[in-house]
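Have a look at the structure below before the remarks.
Note that the chains are named A, B, C, D and E in the order they appear, and that numbering of residues resets to 1 at the start of each chain.
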Amino acid sequence: MLNNTYLMLIPLLPLAGFVLLGLFGRKYFKNSSGIIGTILLLASALLAIYTAYQYFFQVGKVNGFYQKIIPFQYTWLQFSEGVSINMGALIDPISVMMLVVITFVSLMVHIYSLGYMKGEERFSTYYSFLGLFTFSMLGLVMSSNIFQIYIFWELVGISSFLLIGFYYEKPSAVAACKKAFIVTRFADLGFLIGILILSFYSGTLDFNTLIERLTSPDSSQFQAAIASSFLGMSALTWGMVLVFMGGAGKSAMLPLHIWLPDAMEGPTPVSALIHAATMVVAGVYLVARLFPVFALSAPEALTLVAYVGAITALFAAVIACTQTDIKRVLAFSTISQIGYMMFALGVAGYGGEAGLGFTASMFHLFTHAMFKALLFLGAGSVIHFIHSNEMKDMGGLRKYLPVTHITFLVACLAISGIPPFAGFFSKEEILFAASQHNQAVYWIGLITSGLTAFYMFRLYFSIFWNKAPSTLERARGEAGEGGFVMILPLILLAIGAAFAGFIPFGNFVTSDGKSFEPVSHWQFSVLPVALGLIGIFIAWRMYKKENNLPDKISASFGGFYKAAYNKFYFDELYLFITKKIVFNLIGRPAAWFDRNVVNGLVNATGNTTEKVSTKIKGIQSGKVQQYGLYFLVATITMAVLFIYWWK
Amino acid sequence: MLQPGLYHILFISTALFFIGVYGFFTRRNLITVLMSVELVLNSVNLNFIAFNKYLWADKLDGLFFTIFIIAIAAAEAAVAIAIIINLYRSHHSIDVERAEEMKF
Amino acid sequence: MNEFISLMKPELIVTFIIFVLLFTKLGKGVKNSSLLNLIQVLLLLNFAAGFFFNKEGSLFGGMYHTDTLIAVQKNILSLGVYLISLLFADWFKKTEHLSEFFILLLSALLGMFFLISSGNFLMFFLSLELATIPVAAMANFDLHKKISSEGAMKFILSSAFSSGILLFGISLIYGATGTISFTELPALITASPFQILAFVFLFTAFAFKMSIVPFHLWTADVYEGSPMATTSFLSVISKGAVAFIFITVLYKVFQPMQEVWYNMIMLLSIITMITGNLFALRQQNIKRFLAFSSIAQVGFILVGISGNSPEGLTSVVYFVLIYVFSNLAAFGVAATISSNTGKENISDYKGFYQTNPFLTWIMALALFSLAGIPPTAGFFGKLFLLKSGAANANYLFITIAALNLIVSLYYYLRVIRSMFMDKNEEPIGKIKVQLSTKFGMYLCAAGIVFAGIFSWVYDYIQSLM
Amino acid sequence: MEGSTIIFYLLAALTLVSGILAVSTRQIFRAAIFLLFSLIGIAGLYFWMQFQFIAAVQIVVYVGGITVLIIFSIFLTQKAGEKMPKQKIGRQIFSALAAFCGFALVMVQVYQYTFSSNINEAVSPTVENIGNRMLSVGEGGFALPFEVVSMLLLAALVGCIVIAMRSPTETVNEEKTEILIEEEIDVIV
Amino acid sequence: MNLSILILVPLITAVAVLLTRTRQQVRWVSLIGAAIQIILSLLLFVYYRNEVAAGNTAQMLFQQNYEWFPALHIGFHLGVDGISVALIMLTAFVVIAGILVSWNIEKMTKEFYFLLLLLSVGAYGFFMSLDLFMLFFFLEIAVIPKYLLIGIWGSGNKEYSANKLALMLMGGSALVLVGLLGLYFTNPERTFDLLKLSTTHIPHNIQMICFPLLFIGFGVFSGLFPFHTWVPDGHSSAPTAGSMFLAGISMKLGGYGCLRVAVYLLPEGAKEYANLIIVLSVIGILYGAFVTMMQKDLKYINAYSSVSHCGFVLLGIGMLTKTAITGAVIQMVSHGLMTALFFAVIGMIYQRTHTRMIDEMGGLLKKLPFIITVLFIVGFCSLGLPGLSGFVAEMTIFMGSWQHPDMLHRIVTILACMSIVVTAVYILRAISKVAMGPMKATYSHLKDAAWNEKLAAVILLFGIIAIGVAPFWLNDLVRPGAEIIMQKITGG
């Protein structure tokens, strides 16, 4: 059996770090907080790896299927009979894989930050936030309950907010963290409503029960969910689409991607952890978690996933080719890669060979975590060295940052899908799955693959080759790469990026838990790899040396280049919607309405009373005879009234 | 012409009552206002006596009522005149219209 | 004879006090303060005596009727008079004609006692006049003030006019039924148009005395012109007494026409509340302000009366008791300020709390009670009135009444605001409050606080039904 | 037409006409005199109804007391021959209208109403009867009202004294008022 | 447990405060009184749980019934169920925090504390009353102290706000009064007793009349749209503790009244008007949120957000499902704690910066780490972050609301859900302007929270986090009460 205590400790250790450092860090652990956080995470990572070992090799497999194990579960909040939020752990292949990925990358980032964030005033706060994030992310992947996942989903969002806004005195960081939170919140709205729909029809929030009820065609819940429809789609499809909306927000799918590039305002290690390796794939994870329902009961939703993923992949890749801020390039590359994972899921079927896309998606998630974290950390080293994010400030850095250079190159090769690096294997599987299911998606994926290779090497050449600006000639040779703590993670991740591809993923992670051996077709690989090489070649031509080729080419694209450079004006669109529509057309009129109509009515009541009071003051004229007259008139009126009329 | 009876007297008293009331409303001099009040009270007296005489002669309720009304009228008049005189001392006028310092 | 004394005890005691006061005029040079002490003691005794040997009975062939409830009603009035003697000490000590003032006041009180006890219209009318004419004289007691005479003049003329109409009504009733006795009348009352006419004429007298709109017009002017002691007597004691007899007349004598008078009262109650409130909103003079507020209060009393049930009677008696405490406390504070500084405007009270917290709290308590804010007794009083009024399930009526509470709260809060919140560079200076006044205020405060929460006051009144 | 009928109409005419004149003339003395006539007319009506005692009281108190009081106070407050200012015409019209409406209402009701009466033996309003009733304390006696009225007169007396005794220079009026009231008390007793 | 103690303790404290002489004494007496209150309320919670655990299934526990006005069938009837216990605890928490926050008040200290304590008397009494008359009594007791607190110690357009608040609340209570009288006269027993009333059947037409009266009446107290305008003005003008009490406790009186009196006693009326209620409350939720978005003054922000949040309470009540009602109660508790803390923080900030305009601040996190951290937490609570109380409450309401399968309820629920986005917008806008961005040079001398402020914040945070992290205890406490109300609705 799995050890519950160990399992619980995996998320709780980072949480302990958060609480400890958050409450007392500033006072007592001003300098030691990094070490404390790292040690706690190391423990957590070891436990995760131990758990993975136990699960995959000892207890997980029963009768050839990997089981979904719920080792423990506590009722946290009971809504009604059967519907309750249970806090527990759901252990199955994907969650275990995620545990390993998260703890590993997080550990790397913790270690890296020891050097990168050194001397920062809010050092302990930083580590406590990292702890919070790791805790939330672990809680997210371990969720046994759809509401639990929502809870940690939100927590992840808030930690992302805190970390993006870590440099809170920078207005751009403030804007970015707000944007990130609000955009994902908007997506979460869909997720929440999706949860409401699913829970209403399934009568439960528990993943296992929910999936079981909504996928077996003869369960009454399934019947009801299919039967009721709205705007031509069944309630179940709606639910799944809305849940996917939540995932799309977190995973920065079109059109909810706009927050991710801005999120690069956070410290670079954070970008590596949250905005490259872990949190942003939460959406993929969510779809994977509910995959049986998508695949079996809501294929339309799954098709949507495929198209959204594919379009996003291409779209982001195009933009990535034009960006000059290295972190933004990486951000768009992340979006593009997550698009890959998404459409991989979208083209998957349930069970066996048909589920190749699922396996591929998870595989890519795994490998991507390695090389993308590596890329970010490498970029972090560069930025740490240069103190700038702009490509034009860089060039020829291979001399100064040798380790970074090598590891970065490994990562670039991996992401470009060049064998035998990790990315090759996972991408290959994805494309293969796509080609079998959906040609359109496949071709989009293929083009994206080529673009990926191009923009990654554009980045690589721009940073490490190209010119050698005179500003860099200052004596920085020895300062270089920020010491052991910053180099070690790079190396470890580079090893991962290089060799993770050889893990036989199909043995462990499949859509239905049954292992299978993906069939590999070397003929199939030729085209993607060739495209990748072409991309690298073009990048080499354009950026290896300082020349004016890039300008020419970009000029030849004209308006398209400009649009891509401006991220196809999505930010402006959103700004228009928020400023012009939400603020000016809803908020301002509402505020006006409140001050003038609602409040005005209340005031008017008072004023009218006062006015009437002034109007009628003449009755009290001070003339005693007039009083008598009123007296008599009133008497007569009353007499007439009650004698003749009101009996 | 008819034999005078209750209704005639009631006509007189009612007429007198409203003559008094009219006087009360229109006279500008406070003392004349008071005089109008006296008319009103007298008309009531007439009513009582008439009812006592024509309808309810077995008891003298109406008559006694009248006697007491006369007494009260006297007392009221006395106090009223005292007040009016006092007012005259401060206002140097007993015009009703000028005694309207307090209003609204 | 024994029975005579025990039944007429309140009246006899008051008469006795009147004569004692008359005799004090014989001795030369009695100081006001010692005289006031004597008066206070006598009135206290009068009040205390009201608790003993009360029983039911009739005298003078039914012209005089009393029972334990009536005794309590009288005692409430006695209490009010006692409080007046305490609260307005400042003014009493200054006035030239202290014993005369109290002779008049007690004569009026005597009139009210007879009024409450009256068993026929003759006694009713006479005692009503006895309760009115001396007050007219009292209203003129600020002899050198123009407005005092003016007020007194308006009062005596209006009341004479009202008496005329009342008498006309009584004469018609007499003509229609042949009797003026309260016990014989109910059997003869029918809701015939003629009787309704007579009743309306009769009704106006009550309306006049209780300041029901539109028969209230004299109220504010007279209140403003009169010395504060008279004003408070008018607004509290006189109103209470008339309310008591009003209920008796309506519930007992005119029960056969209750549908008519229910509508009448409902109509007038609404008009009264609204008008009283609207006028009170804009008053600056505290006396006028309290005048209109008391008009609005009368509207509430009418709501209770409209209940036409023993509960209605109880709630009115209870309310009047509370009203005695609250309104007298408010007048007491206003009078203390007025006699010490001559200031009677609400705007003069700005920043009063800074210098005179005690008086301010008493005033606040009184006003809260008038506004019907818990835990003051006024809350209970108002609520029980509304409750007995609601027995007819006339929700519109009750809602209007309840909404009027808001308007009234608004202007009571105006005074509170002026005293507590408004800034003033030169607030009224520290006022030295007379001991007896202070005692009276404490009594009022105790009444305001405890007469509500401790239910035995209400239970006691209820038990007398 | 009987003599008594003629007398009745004469008295009625006297009462009403002088009543109207009393409230409409602008000469204040004339008004007082007309009031006097009107009151005498009413006394005459009492006589006509054979209520001699009440007629006597009416004459003594009203004619001898109140009217005199009023005339004295006119002396005190008015210069001779001065005309009273006119009331506003609007007020006059409204007042007349209101009074007339009231009058019409009452008369309509009175004429529509059938008065009942009892058939018991009448008690004649002789002085003896009146005196007995006045002082008896039992059923049908009026001792209590009598006492109440005496208290009222006492109070009125005190009130008048205080109000009129405002300053030493004007003691004359005060004494007069006092005397007059004493008179009334005597009359009634 | 003798429930009267809970009324007596603040009352005695209030009287004791009046008798004290120095400012120091005033403060400590009040604090000790408040501490006793909080201990008592926790004890009550423990006892209540023990009783329930011991199998006591009575609807109301610890009942005490004395005759008050026997002739009018008015009793002094106390009793609690889980809902009351929860709200009593809320009151105790807010009271002690309020007293701590106003520790340094200069002007008329004695009166200030006296009024605060008087207010708490009203709140405790209200939550424990089982007699409608008593309930009304305590409801109104709480009005005037608020008026004075705002008028005397307030800021800005305080007199106007105080007046508006007092008048509107009195207007609400006037409607309540009429409704109560209607109930009284239409039940055969002529009683005000809540338990007895709940067993008698009130005719349908009377329910149709009385329900809107009662619901709107109480609704005014809890900021029901469109009767909410007293909320922003009142809250923004009140002194810190006053705002805390207003939003933290006073607005809950309305919600509790709606639930306990209007819905519970008049289930037929509730069913008839349910759609109207939910539409109004959802308008309140969204409208409040959008208006908040446009505000520049911190207090206005919190005040309008209170309108929005209290809309959730009414929405939960109007949904008439067990879960939603439970959620409404949890929301009451949660919002009470949260908004009290929010106001406390605003007060602390204002004390230091002398402004409440968010545009004028910036970067305060640097100088006021404690206060701003609390601001962050409370903001997160407001926008429904899991782990804090707001999330639990809102989610419970959403889950309950979604149980109605018809279109109107669906739309309303979705609209209500949308508010979480708007809430995020305005909370983040406010927080980022106050706490983040470059700091102004003038703020370099600011000092962080003092002990009393820290203690107040910690106490309230404790409540928020206790509910947020472990909501089951509150849920278990409240659910049975909601269940009884639902039984009455479905059964009657």
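By our rule, a residue touches a chain if its C-beta (ideal position, glycine included) is under 8 Å from a C-beta of that chain, and two chains touch if they have at least 3 such contacts.
Everything quoted here is computed from the prediction, not taken from an experiment.
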Intersection of contact partners for chain A and chain E: C
Chain whose Cα centroid lies nearest the overall Cα centroid: E
Chain pair whose interface holds the most contacting C-beta pairs: B-D
Chain centre separation in whole Å, for chain D relative to chain C (CA means): 31
Whole-Å gap between the CA centroids of chain A and chain C: 76
Geometric centre distance via CA averages, chain B-chain A, whole Å: 96
Distance from chain E to chain D - Cα centre to Cα centre, in angstrom: 70
Set of chain D residues in contact with two or more other chains: 91, 94-95, 98-99, 102, 105-106, 109-110, 115-118, 140, 142, 145, 149, 152, 156, 159-160, 163, 166
Where chain C touches two or more other chains at once, by residue number: 122, 126, 129, 133, 136-137, 140, 143-144, 152-154, 157, 161, 175, 178, 193, 197, 220-221, 282, 410
Multi-partner residues of chain B (at least 2 other chains): 17, 20-21, 24-27, 33-34, 50, 55-56, 59, 64, 68, 72, 75-76, 79, 82-84, 86, 89, 97, 99-104
Chain-to-chain touches, reported pairwise for every pair that qualifies: A-B, A-C, A-D, A-E, B-C, B-D, C-D, C-E
Complex contact set, residues of chain B against chain C: 17, 20-21, 24, 30, 33-34, 37, 40-41, 43-44, 47-48, 50-51, 55-56, 59, 61-62, 64-65, 68-69, 72, 75-76, 79-80, 82-84, 86-87, 89-91, 99-104
Partner chain A, residues of chain B touching it in the complex: 21, 24-27, 33, 96-97, 99-104
Chain C to chain E touching residues, read off their complex: 311, 314, 368, 373-375, 379, 383-384, 386-387, 390-391, 393, 395, 398-399, 402-403, 405-406, 409-410, 413, 416-417, 420-422, 455, 458-459, 462
Chain C residues within the chain A interface of the complex: 153-154, 157-158, 161-162, 165, 191, 193, 196-197, 200-201, 203-204, 208, 214-215, 217-218, 220-221, 259-260, 263-264, 275, 278-279, 281-282, 407, 410
In the complex with chain D, residue positions of chain A that touch it: 625-626, 629, 632-633, 635-636, 639-640, 643
